[in-house]
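Structures follow.
Paired with subunit B in one complex and with subunit C in the other, subunit A is shared by the two complexes that follow.
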Partner chain A sequence: MATAPDAPVAALGHRRDRLLRAILSSFLFAYMGFILAVLLASAIWLTRTDRATGSPYLFGLARDEQLGGEILFAFKLSLVTSAITAGLAMVIGIPSAYALSRFRFRALAFIDTVIDLPIVMPPLIAGIALLLFFRQTMTGRFIEDHLVPVVYTKTGIVVAQFFVASAFAIRALKATFDQINPRFEGVARSLGCTAWQALWKVALPLARNGIIAGLVMTWARAMGEFAPIMMLAGSSPGRTAVLSVTAFLNMSAGHVEASIAVVVLMVIIAALTLVTFKRMGGQGYLW
Partner chain B sequence: MRQYQRHTADLAALLAGLCLLGLAGCTTTKPPPANTAPPAKTAQAAGPVPVLVTADLQPLFDEARAEFARQHPDVQLQVTVKPGAELRAAAAAAKLDGLLVTLGPPELVPIDQASRLAVGSRVLLARVPLTVVVAPGNPLGICTVADVAGPKVKALALGDEASGSVGKEAEQALRTAKLWDKAKAKVRRVPLEALIGEVAEGRAQAAIVGVHQVADQVAVACPVGEDLHAEVQLLAVRTTGLQVTPQVTALTEYLGSAAARRPLLAKGLLEPQTEQAKGQSLFLYCAAGLREAAETLIAAFKAETGIEVQPTYTGSGCLLAQITISQTGDLYFPGEDWYMAQAKERGYVADSATVAYFVPVIMVQRGNPKGIKGLADLMRPDVRVGIGEPKSCAIGQFTQKVIEANGMSFEALDRKAVSHFVTAPELGNAVKLGAVDACVQWDAVASWYLDDADVVAFPTNAQTISPIPLGVLNFSKHPQEARRFMEFVRGPKGQAILAEHGHTLDPAHPRFPPAGAPSA
Partner chain C sequence: MVIEVRDLAITLGEFALHEIRMLVPEGEYFVVLGPTGAGKTVLLECIVGLHQPAAGSVHLDGRDVTALRPEERNVSYVPQDYCLFPHMTVRDNIAFGMRLRHWPAERLEQKTQHLADLLHITPLLARRPLTLSGGEKQRAALARALAIEPRVLLLDEPLAAVDERTRERLCDELKAVQRELGTTTIHVSHNFEETLAVADRIGIFHRGRIMQVGTPHEVFHQPANRFVAEFTRSENLVPGRVVQEGERPHFVTDGLRLPIPAAREGPACLVVRPEELRLHGPGALAGDGRVAGQVARTVDKGALVKVLVKAGEADWSVLVPTRIARELQLAPGGAVVLEVPADAIHVLVDDEGPPDGEGPADRESQR
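== the complex of A and B ==
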């Protein structure tokens, strides 16, 4: 490891360097320990004995058909809606990101800002704005009445997730396309490819891992979405309550253990997503 | 040149986007639909109306007609009572004419085939649930439908072919429950009128009957699940020989009304599921803190009426924002009157009523380790107090009210509180998780946590008790069904469910009476 040409300087083994290394890494490990302790606390709390049933909360939850069923339904609903959202976000995201990365637009700063707005917008406001669009505007009403009902339906979940997650998709994919030297496409063009072929045969295959990483991240982001979904799709258990909404609902009904179980489940999903993202070579800022 | 083209393309895309925005910008406002008026009553007239009633339904019909006699004293009824099979055969053979009151619908098929039913005259009075009856005292301990097929029951009485839907649907229920193969060997088929006698006289250990047949000689063991069979209906229908006079119309209209249903429902029959009500769904904005009670109410309402209620749960204020923006939905069930008043002020509420009360209590750690006896103990320096934020939640406002009503300073409590919370369940969670020692909490919310926390009650008055309202929204597309839900929650079944979930129904008898006061 230490012989690799790009080995970190501190790995070379001088005593003073080791001291520096120890001091600096202690900060790193302290923070990491803090994160792990917080997450573990939730998991450990679930194994505590519930005074009502005399067995650990987790067993009680597994036996409670209604609560367990509610969480399972929310889990499946989250999986399905976020998968659809991630697919749709890719349909919009790949062309948009490529366009943003390769073409010069006159109002690039403006376009860039608008695309970033759903990311920085407070999620609750995004939800209210979506509800307002679908119920109070002519376009929205037309969609609701003639095409597909959105408000308080499962479609609404996908729409709310899509509104925010697509912005992330475009961000992540643009970072990928930015890293691919446009000269590759230029060379392909000079060798007889059309512009379409250069995109299809050179840029997209080169971006493959980045696209998959972006897809996974978008999917995870859609899975974690909360406030916009609650406003637009409502929070009806067994109908429109996704995982995050279920955690909230149970917290507000005093079922702390169910909320915490959902939290632990979501942390596990997030961890798996991150591992996939890193393995696929995903880069750039995530949120 | 190419640069020019690129700009044109961008410009076109921008224009298309702007058009979309422009469309979006044209806001629409739709006035809430007016509520439909109840149907007008028909004119009165004299003359006897022939009515044909099957023998098993006679007691029910007598109860239902009592109110009719009061509403229409001038309409005479000429009632013929015969066993069902005989009566229907006579009607089919044109030997008898009149308004036929019977169970159905399979019973009507032979009469219909003889073209003796007046088209469109069918009135649905109620649904008749099936039930398992056994000898008084239930000596065999039968408590599920599966027990009926078990070894303890030597003979099971079911209605015969001529008895119509009661016998047919009992068999169907056993088949759906996959009990028919085990049970069929011991089934005794008897006429409908003889079912009760079979059990009372010991020839059968159990029988499946319509709930209206249950008599004193037998005991009810268990209901037969409605999902196991098609519904048995109590129907009224005109035979073709009956002249349609105003009296006949008055009687048919009365039989379809809520006044005729009321005594039937008291006898255990169920509201009919009209075609209109079936598959209909009401949208309910429900405060998250009322979720547990609301879920039971919704299930019970569906069982009784067949009307689905789709709830959405979040904070009452957030719900109000959703109502304001979306202008849809049927019912609003906030945790506090203030939100209902806001909704009324904005013109969203067609009708509302108080369905229960929240009474403030002190919620403490399990076993009350700090020995808290009353509100004054909250001021002790060793007690970690959490309070609801008065601006964000009703329990916060009422904490302030009760503290001030008891001559203490809310500011002092506010200063010493270790934390502020924005909802009542968050306060409860904080006690459960050990973050605070005590808080002022609603009785119903505190009752969720009785495994992890204790309650100390203190005297309250009308000013410190909070009514819980339920309202029908003006935008409702099904105002009648929405009103029916409201009436259901106010009615005996709804009230029992609310009490079961720890709600105080009568402010004079709180869920947790203070020490020395009479208990609820």
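== the complex of A and C ==
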């Protein structure tokens, strides 16, 4: 639906402008090279021969039931929790984003700031605040004791991811709805749609690609969350340690190959996510 | 369906409407004509029901529908950018409103076919809107709007996005389709040719107010005020006085004395359209309304030549056919005789430009 605005094309094609072009581009390519070098280093490192076993680290890891199992468990845990989080974020995000895009609010600046806070605040701080909320406040304690235990549980993982990821979901989805001319709904209304039908039959179908892009991005964001999960859900391997936490734990325990394996895995996931997001014409903040 | 707007007022961001009063009788093709930013779209959207007016009301066939939701009004609306639903084929777009009404498949099919034939879009039915040209989109959007057999059809700048030649053809078609179906129509435009091609009556809009309502002839030849006169390109506005002299009133300036039809005495403004003025060779001064002058400049307009003439201590703009201009050998500095035909004269008495309060809206003809 959303077409990218025409990129500015400067007249830099002229032969005599080549030097300028080369100099400016070199900055771009230098940074790109830096990123690729860092990422490739991890991938290449995994294929190196481990002196202790005589085979590449990757194979050793695959054979190591303890470490391999831990990573596999963390991978599955991450997949499941972030999928749930992404789903929940859509449940919150679609109505919120539509409301933000279509209705006029009095304290819009305030609302905007609050919604953006989880994106801007340091993740560790979000985690500490979450922990405090569930442990030290009446509401938090009530939820813990009577509804669902959150702290140091798998639920906590979802809560920690949700807290941050939903803000991204709302941003991405609002950008999508902003791109859809409200007249589409107006015409639908004139043709006989109720407000609900106009939303269901016109606005949502038009937002479909944006919603998919937002879903994928939110999922990836949840997948990569670290500090808030550490704080709220803890880091017990085989229980609440998600992929990123596993990478951290193994790094500190000296199992470098395990954390590098996680690195490669997560880079691949991130790349796939980005490709999907862009294909779907995703809008709004990425991170 | 009679559309009546009573004292409607609304402010939407930078657009505001004030005391809009208009009455569009059953089956009429009414054009709201005005410069960009006059609030024409807001007016349409108030009639559709997309905005709640701050004051005033909208009546359809005498019934107050101001509080009704858009879906309860049966008013069809074609916005300027058409807003064809891009996720549906043209056929599904046309069927959209009919499906919401749960019409039987047979009736739905018949109606779609009828409209597709009428608007020549049968070959496009399976296409997606994004693949259509401007004119095709326009027809598809019109078919979708007409499919629900609306009581009222509202068109917002329907021909703004099509090229000149398509526009001419679509104008004829719009009018023909409206005649055939008899749907009361309000069409918003800023284009004169388009307006003249379709309008039964015209409402001139300016800064959220109605300046004049009337037939095309009334609006173009008897402008109600200075704004309408200037907007409709009655380029000759000469300030002066109306004086009773003998039997008839005359319009008098320092260099002019023209007999005019009845008008109140006092300060006034003479309005004559440039195409109504006549030019004669020097010396042909015999006859009413003739005054000697001098050509200041000529501008070639293709089929016509615009001649700027200084006569009777006033500047005149005269449109003459190219052939006549050639025969008169018009050239800057040359002497001519300007004829202001009595039947072309319109006098604005005591005109002070567009008033802020009431006034122009009161002149609305309530047919």
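Here is the rule we use: the second predicted complex is superposed on the first by the 261 of 287 C-alpha atoms of A that agree within 3 Å, B and C clash if a C-alpha of one lies under 4 Å from a C-alpha of the other, contacts with A are read in each partner's own complex, and residues count from 1 in each chain.
Everything that follows uses one rule, which is that a contact is a pair of C-beta atoms (placed from the backbone, for glycine too) under 8 Å apart; a residue touches a chain by one contact, two chains touch by 3 or more.
Everything numeric here is computed off the predicted structure, so don't read it as measured data.
In this superposed model built on subunit A, subunit B and subunit C occupy separate space and fit side by side. Using the contact criterion defined above for the overlaid structures, shared-chain residue A:Gly68 touches neither subunit B nor subunit C, since it reaches no partner.
In the superposition on chain A, contact of A:Leu249 is made with subunit B only, not with subunit C.
In the overlay built on the shared chain, the residue A:Pro123 is in contact with neither subunit B nor subunit C.
Touch criterion met: A:Val202 reaches subunit C, while subunit B stays clear of it.
In the superposition on chain A, no contact is made by A:Gly87 with either subunit B or subunit C. Residue contacts after overlaying the shared chain place A:Ala188 against subunit C, while subunit B stays out of touching range.
Shared-chain residue A:Pro56: touches no atom of subunit B or subunit C.
Residue contacts after overlaying the shared chain place A:Gly234 against subunit B, while subunit C stays out of touching range. Seen from the Cα centre of subunit A, subunit B and subunit C lie 160° apart once the structures are superposed, a value rounded to the nearest 10.
In the superposition on chain A, the chain among subunit B and subunit C reaching more residues of subunit A is B. Annotation: superposed on chain A, subunit B and subunit C show a minimal Cα-Cα gap of 8 Å.
Those residues of subunit B lying in contact with subunit A across their complex are 6-7, 10, 20, 23-29, 283, 288-289, 291-292, 295, 310-315, 318, 321-322, 325-329, 366, 423, 425-426, 428-429, 432-433, 445, 448-449, 451-452. Touching subunit B in their complex are the following residues of subunit A: 50-52, 103, 105-106, 128, 131-141, 151-152, 230-231, 234-237, 239-240, 248-249, 251-254, 256. Across the complex, subunit A is touched by residues 45, 48-50, 69-71, 73, 75-79, 81, 83, 85-87, 96-97, 100-101, 144-145, 148 of subunit C. Within the complex, the subunit A residues that touch subunit C are 1, 181, 183-184, 186-195, 197, 202, 205-206, 208.
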